[in-house]
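In the two complexes below, subunit A is the common chain; its partner is subunit B in one and subunit C in the other.
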Partner chain A sequence: MINITQLDPAQAWSLYQPESPDGWTLRQAAHLYRRGGFSANREQLEQALTLNPGEAVHQLLNSAEESVSQYETLAKTMLATGNANNLSAWWMYRLLQTADPLREKMTIFWHGHFATSAEKVTDPQLMYHQNQLLRSNALEDFGSLLHDISRDPAMLLYLDSATNRKAHPNENFAREIMELFCLGEGNYTEQDIRELARCFTGWEVRANRFRFNRYQHDKGEKNIFGQSGEFDGDAGVDLVLAHPAGPEFICRKLVKFLVVDEPVPSVDLIAPLARQFRENGLQIGPIVERILSSKLFFSNDAIGRKIRSPIEFSVGLLQSLEVTTNYFELSKRLADLGQKLFFPPNVKGWDGGRTWVNSSTLLARANLVQDLLDREETRFAGGGMTDLCDKHELHRPTEIVDWLQTMLLADELSPEVRSGLVRELESGTDPRERRLRQVVYLMCTLPEFQLG
Partner chain B sequence: MTLTRREFVGLSVTSSAIYGLNSKAPRFLVNAAEEAQKQDRVLVVIQLSGGNDGLNTIIPFHHDEYRKNRPELAVPADRVLKIDDNLGFHPELTGFAKLLEAGQLAIVQGVGYPNPNRSHFESMDIWHTCQRKSGQRHDGWLGRTIDQLQNDPSSDASALHLGQQKQPFALTSQQWRVPSVRSLEQFRLQGNKNGQAETIKKLVATSRPKSNELLDFVQSSTTTAVDVSQRFKEIGKTYQSKAVYPKSGLGKKLETVAQLIDAGLRTRIYYVEVDGFDTHAQQAPAHEALLREVGGALSAFTTDMIGQGQGDRVLSVCFSEFGRRVQENASAGTDHGTAGPMFLAGPMVKAGLIGEHPSLNDLEQGDLKHHTDFRQVYAGILEQWLKVESKPILDGVYDPIQIIKS
Partner chain C sequence: MFRSVSRYCLPLLLPVMLATTPRVQAVEQAAEFLPSSTVLYAEMAKPAKTIEALLQHSIADKVRDHEAYQQATKTPQYHQFQMGLKFVEAQLGMKWLEAVHEMTDGGVTLAVDAKTEGVALIFKTASSESLETLKTKVMQFARQDAKNKGNGDPYEEHEYRGHTVYKADKVVFTTNEEWLLIANKPDLGRHLLDGLLDGPQNSLMDQTNFQTAYKSSKNKIAWGYTNLEMIRNSGIANKVFSGKADNPGLEVILGGVLEILPQAAYVTAALDGLPENLQLTVALPFQPDWISESREYYFGPNAQGSVTSVRTTAEPLISLSVYRNLSEIWLRAGDLFNAEINDGFAKADATLTTLFSGKDFGEDILASLSPELQLVIARQNFSAGHPSPEIKLPGFALVTRMKDVEHTRPEFRRIFMSFIGFLNVVAGSEEGRAQLDLDLESFESGEIISTRFVPLAGSKPYEQTNISYNFTPSVAFQDDLFILSSSSELARGLLSSQEQSMKDGSDTQKDSRINLALNLTASGIRRTLEDNREHLIAQNMLEKGHSREEAEGEIGIIFEVLKLVESAGLRVLTTDKTFEAQLKLSFSE
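Showing the complex of A and B:
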C-alpha cells in the first residue's frame, strides 16, 4: 500500500495503467463513478470495464451533451412557486437523471466553494441563475468563473455587497475572495483586504442585476500585494488570480473533494497539479482528468478513504440499486443529514470529511433509508427488491449479499459482518421482500457504507 | 482507546434506583449519590457565531468617539439600559439587565488574544483549540476538558452538542465521541421492527480486522449514536419548565438542555450556537433581534434552572469569535474587528462588570485592543467551576479571571 504522506508526487499523479486484470475490476470502476459522479448501476460498471481506466475517465469528462430542456422546463415550474426548497428537489432530480455526472459533481463542488445560501438570498431565481453559472463553468476556466461569480447578484447579496460606497467600503467580499475563494488564510494582509475592498466600490445589485455605479467607485490608487495602481474591481480580481498561492489552494481542495479526506497532503504532493494548473491558464477540466486517472486515485489510499457526503450517500444508493422514489420527500430529509442543496451552512460551504458524521446525522442517514424503503412510491428497477434480484439473477443469500457489497461498498465487509447479513436474509418469518429490504437497510447503517 | 459505551443504560439506572429507593437504601449511599450529583457542575457554552458587535452590546453611551464612529448605528443614550454612568446594555438586552439585577450575570470586558485574526473560521478555531494555525490542532479545549473529566465509559457522555450545524471543533476529543443532538424528537431510530437497534449495534460493534482510522471513527460514532438514542428514549417525560422560554431557536435549545439536566443526565458540558452576528449590512434590525433572542433565552434558562433546584450547579457562558470594527461601514453595518465582551450567567457568578471597557481612543488598525486573554476566562471556568487543572487544557499558564463568587 502506498503511504500518501511519503508518496513520490510525480508517481502519484501519473496515469494509472493496471498491469493485471485485478487492477481494473468492478471495485475500481465503482470507485471512479462514486467520486467522478455519485454512483453507477451494474450495466454502467460493466460497460466501464470494456474500456481502460484512462478511457473511462475521459468518457466522464466528455459526456454527450445533455438535453437540458427537460430540466429547464421543470426548473421554471419550480421557480414559479417562489420556494427555494423546491429548487433543492429539482437539483436532486437532476443529479439522479443526469447523463453528465461529473459536471453535476463539480457543480456541487463549486456550490460549496462559492457558497451562497437561499436562506439569505430569498429569490430562488437568483439562486438558479448562480447554479447555471457554476454548471457551465464547472470544468472550464477558473478565471472566467471567478470573474462571473464576482458579479453574480446572488453572491453579492449573500456577502452584503449589494451596495458598496466609496466612503466606507464593505470588506466582506474582498475578504472572502482571498480567504475562501482563491488563496487561503495567511496569504494576504488585512491591508490587502482594505485596499481590495476599495476596488469593488461602486459594484451594486439593482433590480436583481449587477450594476456598476461609477459615482460610488473609488478611482484612487490602491496598493495590493505590493503592487500599486488605480485598480478597478476587475483588475482586483485579476490581481488575486495572478497570486502565486492560488493554484495550490484550488488543487488542494480538489484533491480533498475527489481523492482523500485525510491525512492532509503535503505541499510537494500537490505541487505537480498546481504547476500544471498555473501553466495551463487555470483550466479546471485537465486537472480533474489528471486527478481521476492517476495512480493515487486508484490506490487503496484513496478507495474508501472519504466519508460520503449526504448527497453521495443518498444519490449513490438510489443509482446503485436503480431506485425511483419521491424526490421531494427525499430532498427534504437531506437537511437532517447536514447537506441541503442551495442552503450551505455559511460562506465556507460544507467542510466535509469527518464533519459529515455525528450522532444526529448518522441517525438521520439510517432514518432516510428506512423511510425510502417503507415508501410506497419506491421502486427498484421498476419493482421490488425481489425484482431487482431477479433481474440480476441473484438467488442464494450469499450471492445477494456479495452483489450488494460490490454495488454499495468501497471495501469488503469482514467475514463476521457478512455472515451476520446472510443470516438476516436466511432466517426469520418475514416475507422475502421484507428481508431483502432489511438487509439493504442494515448495510446502509454500517460504517462501511458511510465511506465512499 | 475503545469508545464503546455499552451497559451505559444499566449504570444510569443504578444511580436513579438509589434516588428512587431513598427511604429504604442506606442513608450514606443516598448521601453519596446526591453529593456526587451536586458536585457535577454543568457548563453551558453559547457561541454567538459571526462576530458579535460588542460595542453595541455593552454601550459606552456617553463617549464622543462612539457617536462619531457610529452615525447610523449608535444607540441613543436615553435608550440604553444603564449599568453605570458610562456603560449600558443594548435596549433589547432586557434579559441580561434582569440577570445583572439579580446578581446572576458577569460581564468580562475587552476579551481577545494577541495578534488578532479577522477571519471567522481562523479566529473561531483559535477560540476553540487555543492554538494558532501554525500549532498542531488535534482537539478542542472542551474535548481536552472531557478527557480529564470522564474516565467511566459506561456513564453518560460528558459533553453534548445541541444543534443542527456541524460539531464545534472545541468539542473534538482524542478519546470520546461527543454526540450532536438536533432535537429530542429527531434523535431516534425510526421503524417499528423490534430489536432493530440491537441488530445494528451488534453488526457495528463486530470487529474489523482490516480497519483504518476513518472507519474506526465512523464505527465509534455509530455506536455512540445508537447508545445515546436509546438512553434518550427514557428521559424528559417528567420535566415541567419553571420559566417561559422565548419561541426562538436558542430558547428551544436551552429548554432542551434544561430538560436533560432535570432528567439527571450526567453530562457536564452542553454546547449551543446562535448564528447571524456577521452584520456587514443593515446591522441594526438583525443585531437587535439576536440580542433579544440571546438575552431572553439565557434569562429564561437561568430562572428555570434555579426553579428546578439546579441553579447552583449550572454556569452559562457566551462568547463570539471577535468583535466588530469601531467605525461603521457604508452599508449601515460593521466589518470584522477584535476584542469584545464575554458573558457568564448563573447564581454562582461574581456578578457585575469585570475589567475596563476597551479604550475608544487607543485603537489598533481601527479596532479595539484587548486587555484580557480569552484563555484567562477559560482558566477561571476550568479552575473555579469545573475544578480541573487548566494548564494542560490551555497549553500554557493563564492567570484565571475571578468569575465565581468567592
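Showing the complex of A and C:
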C-alpha cells in the first residue's frame, strides 16, 4: 500500500500496470468510472476489463463524439422558460445520458473552479453559454479556457465587472484570476492586482455581450510580476498563464478533485504533473490522463478515499442502477445536499471534501434516496428493481446484494452488514419489489456509499 | 380473479329471486320506497343503452382505430381481461352487455340515507325470471369456487317477511320480483324491503322538493338529487354553507353559488345529450330576493345582470363572457372578505390609485367600465422576420365598454402609454431585455395603441426567443368599446371583427338569462399546444425521465384525445326559479 505523504512522485504518477491479469479488477474499473465520470453500468465495467487500465483511461478520454443536438434542443426549450432551475434539471439529464462522462465530470470541475451562480446572473442564457464554454474547453487548452472565461459575460457580471473604467479600475476579476483561477494566495502582490486590473479596463458587458470600450482602456505602462509593458487584457491573462506557480496550482486542484481529498499532496508529489502541464503548453487532457492511469490513482490510498459530492452521489446511484426519474425534482433536492448545478455558493465554488457531509446533509442524502425510490417516475432499466434484477439474471438474495455492492460501493461490506442485507431480502412480507428497493435504500445510506 | 368476479357479480344477479308476497301497490321508481331521509339520490335510467350508444359512437371507433389502443390490445393484461370476461359470459350464458341489459333494464339507483348512514344500490331488472336465472348461476359459481378453495359458504342466509336476505362481507341483499336491493346497513335494507312490500309510505317521492326536482329527470342519461337542507341542518360542511369564500379569485367565480347555497333546499344534476354531445346540468332553486346587496356585483340589480357577447376573432381558443361589477366587488370587499384580505385590498388600492394619477381605483377607474366583461384568448401567429418566442403563449384580451367615453378614453390612453414607459424603464434596467415602441393605428371607426419590440442591437429575430416576446400590450377603442390586449395582433383582430359585425348589423348579442358563458375550441387548443410541441416533449423528458421517443408517444396521445373533442362550453344562467350551470362537451365528427 502506498502512503501518500511519503510517496515517490515518479512512482506515484507512473503508469499503473497490473502485475498479473487479476490485478485489474472490477472494483478498480468501477473506481475509474466513478472518478472519471460518475459511475458505470455492468456492461461498461465488463467492457473495461477487456482492456488494460491505460487503455480504459484512454478510451474514457477519447469517448465517441456524442450527438449534442438533442441536448441543445432540450436546453433551448428550458432556456425559453427563463428559469435557471430548469437549466439545472437539463444538466442533470445530460449527466445521466452522456456518452462522454469524463468531459461532463471535468465541466463540473471547471464550473466549481470558475464559479458563477445563476443566483446573481439572472439570465439563464448567459449561464448556458458559459456552461458550453467550459464543456468545449474542459479537456483542452487551459490558456484558451482562461482567455475565453475572461471575456465571458456571465463571469464578468458575477464578479461585478460589467463596467471597468480606466479612472476606477475594477479589481475583482484581476484578484480572482490570480487568487482563485490560476495562482493561489502568496504568488502575487496587491500591486500586481492593481496593475492587472488596469489591463482589463475597457472590458465591459453590454446587452449580454462582451464589449471592448477602447476609450475606457488604460493604455499606460503596467508592471506585473516584475515585467513592464503597455499590456492589454489578453496580455495580462498571458502574464498570469506564464507565472510559474500556475501549473502547480491547477494540478493540485485536479489531484484533489480526481484522486484524494486528504491529506494535501506535497509540492514534490505535484511537481512531475506541474512540469508536464507546463511543458505540454497547459493541455488539460494529457494531465488528466496521467492522473487517472497512475499507480496512485488505482491504489488503495485513492479507492474509496473521497467523499462523494452530491452530484457524484445522485448521478452515480442513477447510472449504476440504470435509473431514469424526474430531473426537475432531483435537481431541486440537490440544493438540500449542498450542490445545485449553476448555483455554486460563492466565487470560491464548492469546498468539497469533508464539507459535503454533516448531520443535515446526511439526512438530506437519505431523504433523496427515499424520494427517488418512492417516486412514480423512477424506473430501473425501464421498469422496476425486479426488472433490473431479471435483466442481469440476479435471482438469489446473495447474488443481488453482491451485485449491488459491486455497482454501488467502493469498498466491500463487512460480513455482518452483508448478511443483514441478505436477510432483508429473504424475509419480510413486503412484495419483492419493495424489499429490493429497501435494500437499495439501506445500501445508499451506509457510510460506505458516501465514499467514492 | 374468478372468486372476486363471482363475489361482486352475485349481488347484481340476485333479482332472480321471486317474492311470494303480493305487493300492496305497484312501485315504479326506487324513490317510492327509499326513505324520506335520503340525502343523496342518483339514478341511471337505461345503463345498457348508454353503454351501447358509447360503444357505437364514432369516437369509440376512433379510439379502437388508434395505434395506442391497438398496442394495448396486444398486452398480456388485455388478454387476461378478455379471458376473464369470456369466462363470466360462459357462466352467465349470455354476452356481458346482454347481462347488463337484463340486470338494469328498469334502471339503477344509488342512494345515501342520512338516518341510517347507509348506502343503497337498487336494480330494477328486465324481469323476475331473468333475475332468478342470473342469481342462481352466479350463486352456484361463487359457492363452488369457495368450496374448491376450502372456504365456507360465502353467503349467510336470513329470513325476513318471507324473503331470503343474503349477507356477504358487509353487504346485505335481497330480491322482490324484478327488484334487487343491496345495502351496506341492515336497517336500510329492511326499510327498502318494507317499502317495496307495503307500498309507498312517507318515501322520498312524498317529499315536495324531490317531486318538484324529479320533473327534470325525464329522458336523461343520469340524474341526481342532493338534499341540501338536510346537509345544512346536520352541520356537515359548514364552511360551504357559510356564504363566504374569503378568497378574491374564488369569490369572483363562485360568489353567486355561495350566496344561493345557504338558502337552496336541494341541488340536482342531470346528464344527457348523447350521441352528438354530452351535457351536464347542475341546477339549484333560486329566487332573486335571496340575493344580498353585497352580491349584487355578481347578479346585477334585481338579479337581472347578463352578459353581452361581443363578436370575437375567427377562432378564439377560449372566450369568456361574464357579468361582474368589478367596481362593486372592489368597494364591497369589506363585506365579502376577512380583515387580512381587506388589508391587501387597501394596499393595492393605494398603489393603483397612484398609478392612475390619483384617481380612486374602485370609484373612478373600475366604475367607468361596464360590468359586462369579455375575456378572449386566441392563438398568436409569429410571422417570419419577427421575434418568435420558444414558448408560444396565446394572446388574451379583456373586452368591455366604457360608461363615459369622453372622460375615460383619454384617461386610459394616457395611463397605458405611461405603463409602457414604465415597462421600458424596467426592461432597460435589465441587460438584454428588448424595449417596446408605441404605435397609433387608426381604423375606420376606432384606434389601437399598439406596441412592438425594438430589436436589440445586433440581435437577429431567431435569437429573440425569450418568453417575454409573447407580449406586445395594446389598447383599442371603438366608440364605447374598450379592449385591453396582451398582444397587438389580437387587439387588431378583435377591432376588425367588431367593425365587420357592425357592418353586418350583428354587433352584439345580449342574452338576458346568461350570467357567464365560457367556450373552448379543441382545435384552437390543439394548435396552440402544437406550437409548443417541442417544449412539451422536453418537459416530459425531464419530468418523467423519458427518452425522446417515449415523450413523443405520450404527447402524441394528448393530441389524439383532443381530436376527439370539438368544443366545450359552460353557461351559467338564472331564471325566476332556478340557477343553472350547463357544461357541454361536443364531439368531433
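By our rule, the second predicted complex is superposed on the first by the 452 of 452 C-alpha atoms of A that agree within 3 Å, B and C clash if a C-alpha of one lies under 4 Å from a C-alpha of the other, contacts with A are read in each partner's own complex, and residues count from 1 in each chain.
By our rule, a contact is a pair of C-beta atoms (placed from the backbone, for glycine too) under 8 Å apart; a residue touches a chain by one contact, two chains touch by 3 or more.
Note that the coordinates shown come from a computational prediction; the quantities given were computed from them, not determined experimentally.
After superposition onto subunit A, partners subunit B and subunit C are found to sit side by side with no clash. Look at A:79: by the touch rule set out above, it reaches subunit C but stays clear of subunit B. In the superposed pair of complexes, A:279 makes contact with neither subunit B nor subunit C. Once the two complexes are overlaid on the shared chain, A:93 sits against subunit C while remaining clear of subunit B. Of the two partner chains placed around the shared chain by superposition, neither subunit B nor subunit C is touched by A:390.
In the superposition on chain A, A:426 makes contact with neither subunit B nor subunit C. After superposing the two complexes on chain A, the angle subtended at the C-alpha centre of subunit A by the centres of subunit B and subunit C comes to 80 degrees, rounded to the nearest 10.
Comparing subunit B with subunit C, the partner in contact with more residues of subunit A is B. In the superposition on chain A, no contact is made by A:55 with either subunit B or subunit C. The gap separating subunit B from subunit C in the superposed three-chain model is 13 Å, by closest C-alpha atoms.
The residues of subunit A shared by its contacts with subunit B and with subunit C are 162. Subunit C makes touch with subunit A in their complex at residues 389-391, 430-432, 456-459, 465-468, 534-535, 538-539, 541-546, 548. Taken in their complex, subunit A has these residues touching subunit C: 70, 73-74, 76-82, 86, 89-90, 93, 122-123, 125, 157, 162, 205-209, 323-328, 377-379. Within the complex formed with subunit B, the subunit A residues making contact are 159-172, 175, 179, 185-186, 190, 193, 261-262, 304-307, 335-336, 338, 345-348, 351, 354-364, 366-367, 370-371, 374, 411, 414, 416-417, 420-421, 424, 438, 441-442, 445-448, 450-451.
The part of subunit B that touches subunit A in the complex is made up of residues 117-122, 133, 161, 164-167, 177-182, 186-191, 193, 199-200, 202-204, 206-210, 212-215, 217-219, 221-222, 224-225, 228-229, 275, 278, 280-281, 327-331, 333, 335-336, 365.
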